[in-house]
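Got some structures for you, see below.
Look for subunit A in each of the two complexes below; its partner is subunit B in the first and subunit C in the second.
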Partner chain A sequence: MLLRHTSSEVQQRGALTINPAKTCQPIGAMYAALGIHGCMPHSHGSQGCCAYHRSALTRHYKEPAMATTSSFTEGASVFGGQANLVAAINNIFTIYNPDIIAVHTTCLSETIGDDIPQIIQRAESDGKIPEGKLLIHCNTPSYVGSHVTGFANMVKSMVTYFSESGSGKKLNQVNIIPGWVEPADMREIKRLCGEMGVKTVIFPDTSGVLDVAMTGKAEHFPKGGVTVEALKTTGDSKATIALGEVTSGPAAKALDVKCNVPCEILDLPIGLAATDRFIDTLRKILHIEVPETVTEQRGRLLDMIMDTQQYTYKKRVALWGDPDQLVALAEFLVLLDMEPVYIVTGTPGKNFLKRIEKVIGNCAFKAEVKAGAGADMYLMHQWIKNEKVDLLIGNTYGKYISRDEDIPLVRFGFPIFDRVGHQYFPTVGYRGGMRLLEMILNVLLDRQDRDCPEESFELVM
Partner chain B sequence: MVRILDERRQQVYRKGQGSFNMTCEKKSLAGAVSQRACVFCGSRVVLYPIADALHLVHGPIGCAAYTWDIRGALSSGPQLHRLSFSTDLREMDVIQGGEKKLYNSLVELIDEYQPKAAFVYATCIVGLIGDDVDAICRKVSSEKNITVLPVHSEGFCGSKKEGYRAACDALYKLVGTAPADGVSRHSINIMGDFNLAGEIWLIREYYNRMGVEVVANITGDGRVADIRRMHAASLNVVQCSGSIIHLARKLEEKYGRPYIRVSYFGIEDMAKALYDVAEFFDDPVMMEKAEQIVRSEVAAIMPEIRRYRKDLVGRKAAVYVGGAFKAFSLVRALRLLGMRTVLVGSQTGNQDDYRQLRDMCDAGTIIVDDSNPLELCGFLKEKGCDIFIGGVKERPIAYKLGLGFCDHNHERKQALAGFTGMLNFAREVYATVTSPVWQFVRRPQPAQENKK
Partner chain C sequence: MTVENELSPTKVKEELLKVFPAKVARKRSKAIVVNEPGASRQIQANTRTVPGIISMRGCCYAGCKGVVIGPTRDVLSITHGPIGCGFYSWLTRRNQTRPASDTDPNYMTYSTSTDMQESEIIFGGEKKLKQAIEEAYEAFKPEAIAIHSTCPVGLIGDDVHQVAREMSRQLGINIFAFSCEGYKGVSQSAGHHIANNQVFKHIVGRDDTTVDAKFRINLLGEYNIGGDAFVIEDLFERCGIELICTFCGNSDYEGMCRSHTADLNLVMCHRSINYMADMMETKYGIPWLKVNFIGAEATAKALRKIAQYFESASLAEKVEKVIAEEMPAVKTAQQDVKTRCEGKTAMLFVGGSRAHHYQELFREMGMKTISAGYEFAHRDDYEGRDVLPSIKVDADSRNIEELKIEADPKRYRPRKTKEQIKALKAEGMAIGEYKGMMPDMDKNSLVIDDLNHYEMEKLLEIYKPDVYCAGIKEKYAVQKAGVPCKQLHSYDYGGPYAGFKGAVNFFYEIDRMVNSRIWSYVQAPWQQRPQLEVGYVL
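== the complex of A and B ==
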């Protein structure tokens, strides 16, 4: 019992986080920046931050995650990190030669008060930025928001730095901000849009960066990622569809303000209804018809849900992870007639509770939902100890609860350190919905096979 | 040819080319994709295996989240060290100070878990906002009647090395706080082993079979009570010297307890680690037992190792690890498998370490300090290796180039220390080097100069 120390009595904790359901901003900024083609994410802080983020991303994606660091020292933390950053910029362009450097800050550099735009200017005037090379930044103090907000901040910076409404003429394309999803999900969103005949700019886009095919060549800057040229055209797009209010909303709104591109902020297209809304929004914006092939995919998901409803009926589920994922996932589970009774995210934000309320408010079951301070895996475990659930859905950190309480776990979200598949197989769109449902059913049915008495062990299920 | 930053030229040496004058122990260059981590990381890895202590990370959430149970340091008893505790500092705390939060967190945790001691890790930001961590620790110590130790591990104060030192300083405060009686004259502390995949259990057993009492494991499967009386042990046996040598020196100074440096990787080094202890105690019976252990253990593993060796002879290996001591052992262990080490490097080696590496390696071997993926990739391509041995950040580099890989760091899944560990290591190397998957991969061919 690895979590034998968890007591079932839930007490108000004053100050403490035990087994967090979030991490800090910079890693989100790093992940987002990897979704720009030819981009080197740069961590302006101590060496450890960068090493930890790279290790975490590498463990999750099983791919190299390149990023550089300002390698702060005691001197830098007294006199400011300008010298380190300018030296870093020079070294990065000299040795790694990326097209663009995306700087994010850390708790250290934020508290010192380093003014990144001013330092970038300094580097520029000192001639440290070669012709044609670019630099962007975002502020990601680790003591604000969570990894999710760090992602959102870097995506917003892509708009702030690059989006232009140059031609004054609207292009026949739609911006899609996919949110913090897997490379496979970004690939699937692109595929779906392609099938709909919609021209898109997707940013960021980590497909082809963190799910690179084996070629025998190690490319430091793989061929995936949204290009800067494409990012520049986002100001002339017809509309922006932001998937995920927390991760994509800020960038979409900034683009509206900056370039007058109207935006629709939707949930992540996880599950049937949310995917319907995504497809329908595309249809309306572009006045197109939904092709037969997409309708068929929808039909297959619907068919699968019907075929298996008896197994999902009234199953109690505990979920944890990031706000945008949880909202869409909870909606899907409700559609499956399951009961998402415990929901936890470490990411603070009052709106999350309202969004969840909208999804499960009319349901017959009673749910415990918590976000921000004190919303951690320890609390989740305490809830479960008080009343058990049938299924856990969330990242790898749920495996301790899964083992101790003997409850099956479907891995979903970030990070997943102990299984493969999440990089390659999407959970968005209709096909992603089918995969999610398949994963859920498989563990539930395995459990039934394992636990049922011998006489009722069934061949046909 | 591999591009090397001018500033780093002195951190790379090719055996047989030019005079040896390696620069090391340098701060990493700003802007490098360094494989190194920070002070906090160093402190955390050294202390966290102490399983009945509370480990509270005072800072924003990331530092605690990224170090939550990632190292596989096994405990035979309590599992408290595998949980993640953080004060989760927020913006208002940064403005108003985090002392109150730290105090409350400590009190809550101590009430809840009744740990044997508590370590409080001060992260970057704590150093900046000026929380008086020492004072809070003292206060809670006296209120709760439990040892609460501050660990000054602000990330920017250096690299992992400085973190090791901070950890040793904290550990040292525990030493000598319990009576030393009842300890055998033939007693040691096993220092600098973190019980990854249960390795310290293997080592302890060898020493026990020799009739040696192990007082404390520092820190794998560690216990606070053992550390308190570790000064009673006659000898400190130090592995992974980088992490723990500072504590060993302090023990020598204050208590007159000498230390020896050992390595448990590979047959030769493992055997030497046993012989050296027997020699220290100058006890023929003990030496006899050590020889017996070596004989029987080696006899048990060699037949299988010889089988692997047949297919591994002449293959080329690259090694990039944290400490140089491990690199020495790996070069020897690979040689036992008939393999040549063509690239070897470490994150934290010093001049002496690299000189020793130079002496033990073949001509043409590249020796490198504080490297980065770009350089490593270049060297691997140039040398045309069959296997890369390293840690989490090296794994994808190897696979991208179509090379075999063996994790000799946190993510090892089997014990690699001891005689059993040598066999496991041979199995792992063999499995990855001879995997059928490589027939579908076009590996980079070694550069011309090496083909001769």
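== the complex of A and C ==
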């Protein structure tokens, strides 16, 4: 047994997290910053954090994840990181020449209390920021929230630093804040909007940054990413659609306050109903017709669900991951007649519990849901030991439970270190819903084929 | 690709430095050396990373928890700090382990953390740490608990050592702490040292039980990535060599407690564990020997050295028998891969030992290392331990504790007399010595410490090596530039590469990489021949 010390006896824990279902803020800020074209994410702290974050992103994407660090030593930790950051800024612009540096903090610089805007000003007055080059920042103390908080903070900073309502008149475009999803998802959201005939600014946008084509030539700053010019126009957009309350809500609200751009905060368009709401919102706010082709995509997903319902019906599922994903995913599973009985996220948030309650509240099954302190994969495993599930949906770390308990695992969320596909094939939109359902069905049917008696081994399923 | 490069190494060095601001160029210049064996060239190492430069390095915590302490399966590690550090070091290092039975403890699949919140940053985290230790004890009932401090812990002033002592008394188990905050030192290296110190103080020597065996050894600095230690253990067993403990791979607490009963310490990764070898020699009288089980010839050499050290004809005989059993398969593979790999070039930038060890394997397959360097080594790993007295201790290293070790009044027992050591040395046995990487590298190869991303790209562009060895952060950047990259931290989830069997694995792995068809498909047909010659008339 890989997790041989996990017993079914749930003990009260108030201080020790075991096998976390979250990680720290800066990695989210780094991922978001990679979604700006020509941007170098910069980690202000000691170099270990940056090395860890880059490694985790690289393992997940199988792509270079470039970022720099202030490389604090003990001296910097005592006297503050100003000298290191100013030197770093100079070195980054000289050596790597990005258009923009996006600084985030770490536990260390936060505990010291480094004032980033003041240091940026200092770099500016010292002439370390070349003409036309830009610097933005956000605070990402890891002892607050989780990796998704860091993502949300960096996205919000894009608004605070760049959004302008310059021209006075509204542009015929909509802002889409896609939330912490994969490059493939961002690509799919753009495609779907394009199909609807909607002009969008999507930010951040990691497609073309973390799913770069092999050409034999390495580029520091690949083609993808939202441009600063585009970000500047977000203040003149007709509306903002924020996908995912936790990751995208704060930026959308900030944009409303700053530039008077009305916003709709929706769930991530994972599954049929959430995608419906996304499409319908676009229709309503822009007064457009939904093209036949989109309705057809919906019809295909619907068809697939109806054709295969017998295999998903009443299957008990344990899921863990990030709040925005979990809310939409749980809703989709309920629609498939599945039973998401255990739901865990390390990210704290009362609203999350309310949202989940709304999604599964009317269902016949009883669910255990936990968020924040004490909500870890160890606890979830203990629940599973008490009453088994048919399916696990979550990140790679679930493979240990999967093997020990002999329960199939569908990899979904962050991080996925041991399979490919998530970066290339979307799980959002109707087509993404079909892929998600296909993944679920494949493992369930494989399981049935493996476990059934020979006489009931089916050719046609 | 052969090295038919027009640029001289000195010119290449200039190229690498060109873009840097003057101050950075001056600093980096000292870390780039055109090698000349025998000329005792000095390299700058173990100095601060340049801020903003995209280094390969990690931090002190990674070196302590991730490298040295992590691989021992039954010492429970608790990360004291916010959640990230504990999360990232959770199972990402591939240290394989094999508990004796299904019920023996193995905590390596668990990541535990105090997940510090803002209130602890403000009011201190000692209370939460104590409670976390209690909860960990209740959940796991371990014999030993290791507490690892992350960046904020040192700043807010939590006394982790006091907490460890107190909880140790309360729970009656061995609990010790590491002040391995990420900002200590300049790289993982500081963490190795801190880990060595605490393991030596709190674990080594706790149990005097001596196994009845003739040739008792410890293996130091072998972390069992991809099962390397399993291969080496098997060789020892077949030779009749008794392995008391490995620091730290497939290792357990009990072995560490008894490690002082061994009669010889073998050192694999000099950088991460040489402190332990030195301290055990001073306190218990156990000599150490630098060995390398990477490479078939190197493995044979290491085994023979052990036999020579124990001055035993029967052991020597067994060793020769094992070598004779293993070598034919190696030779066959070697000849086979040479037909496809001979003359090809490699670069290695990784770790604190591997960049040296793996050159051996490339040599065995007829490949040439044209440039290499470490991520977090010191000058002695490049130039040899003879330079140790001349290394100046700077502000960043001064704060890493040097334990004052004395001979144990009761248990110090020199395993060899001064005369014996002298005689062995006269026979060519380098007891307590390490000559470093540079003497083993070709003249005019480039030796570069703490290589950064920019320099890496330039090297790739100028030399176009056939294979480049590094870690996960570099892997895909290298490959995007059209050069296959072999990870030497994680082995790209393959291995083992140690010993004879490992050598064969490595030969074929590199053969696969440097001769793969896929690299010739980078250009689409229409990119190779854009001109349309004959077409349909439409």
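Quick notes
Just so it is clear, the second predicted complex is superposed on the first by the 461 of 461 C-alpha atoms of A that agree within 3 Å, B and C clash if a C-alpha of one lies under 4 Å from a C-alpha of the other, contacts with A are read in each partner's own complex, and residues count from 1 in each chain.
Basically, a contact is a pair of C-beta atoms (placed from the backbone, for glycine too) under 8 Å apart; a residue touches a chain by one contact, two chains touch by 3 or more.
Because the structure is predicted, anything quoted here is derived from the model rather than measured.
After superposition onto subunit A, partners subunit B and subunit C are found to clash with each other.
Contacts of A:460 after superposition: neither subunit B nor subunit C is touched. Contact with neither subunit B nor subunit C is seen for A:306 once the two complexes are overlaid on the shared chain. Once the two complexes are overlaid on the shared chain, A:364 sits clear of subunit B and of subunit C alike.
In the superposition on chain A, A:84 makes contact with both subunit B and subunit C. Legend: residue contacts after superposition of the two complexes on their common chain; A:48 is shown touching both subunit B and subunit C. Common to the subunit B and subunit C contact sets on subunit A are residues 1-5, 13-20, 22-24, 26-27, 42, 45-49, 51-56, 58-59, 62-64, 66-74, 76-77, 84-85, 87-92, 94-96, 106-108, 111-112, 141-144, 146, 212, 214, 216-218, 346, 373, 378, 397, 400.
Contacts from subunit B toward subunit A in the complex involve residues 3, 5, 27-41, 59-68, 70, 79-80, 82-91, 93-94, 100-102, 104-105, 108-109, 112-113, 123-125, 127-129, 155-159, 373-374, 377, 392-393, 395-397, 399-402, 441-444. Those residues of subunit A that touch subunit C in the complex are listed here as 1-5, 11, 13-20, 22-27, 42, 45-49, 51-56, 58-59, 62-77, 84-85, 87-92, 94-96, 106-108, 110-112, 141-144, 146, 212, 214-219, 346, 373, 378, 397, 400, 417. Those residues of subunit A that touch subunit B in the complex are listed here as 1-5, 7, 13-20, 22-24, 26-27, 42, 45-56, 58-59, 62-64, 66-74, 76-77, 84-85, 87-92, 94-96, 106-108, 111-112, 141-144, 146, 212, 214, 216-218, 220, 346, 373, 378, 397, 400. Per the touch definition, subunit C reaches subunit A in the complex via residues 19-21, 24, 48-62, 78, 81-92, 102-103, 105-107, 109-118, 120-121, 128-132, 134-136, 138-140, 150-152, 154-156, 181-187, 395-396, 399, 453-454, 457, 471-473, 475-482, 522-523.
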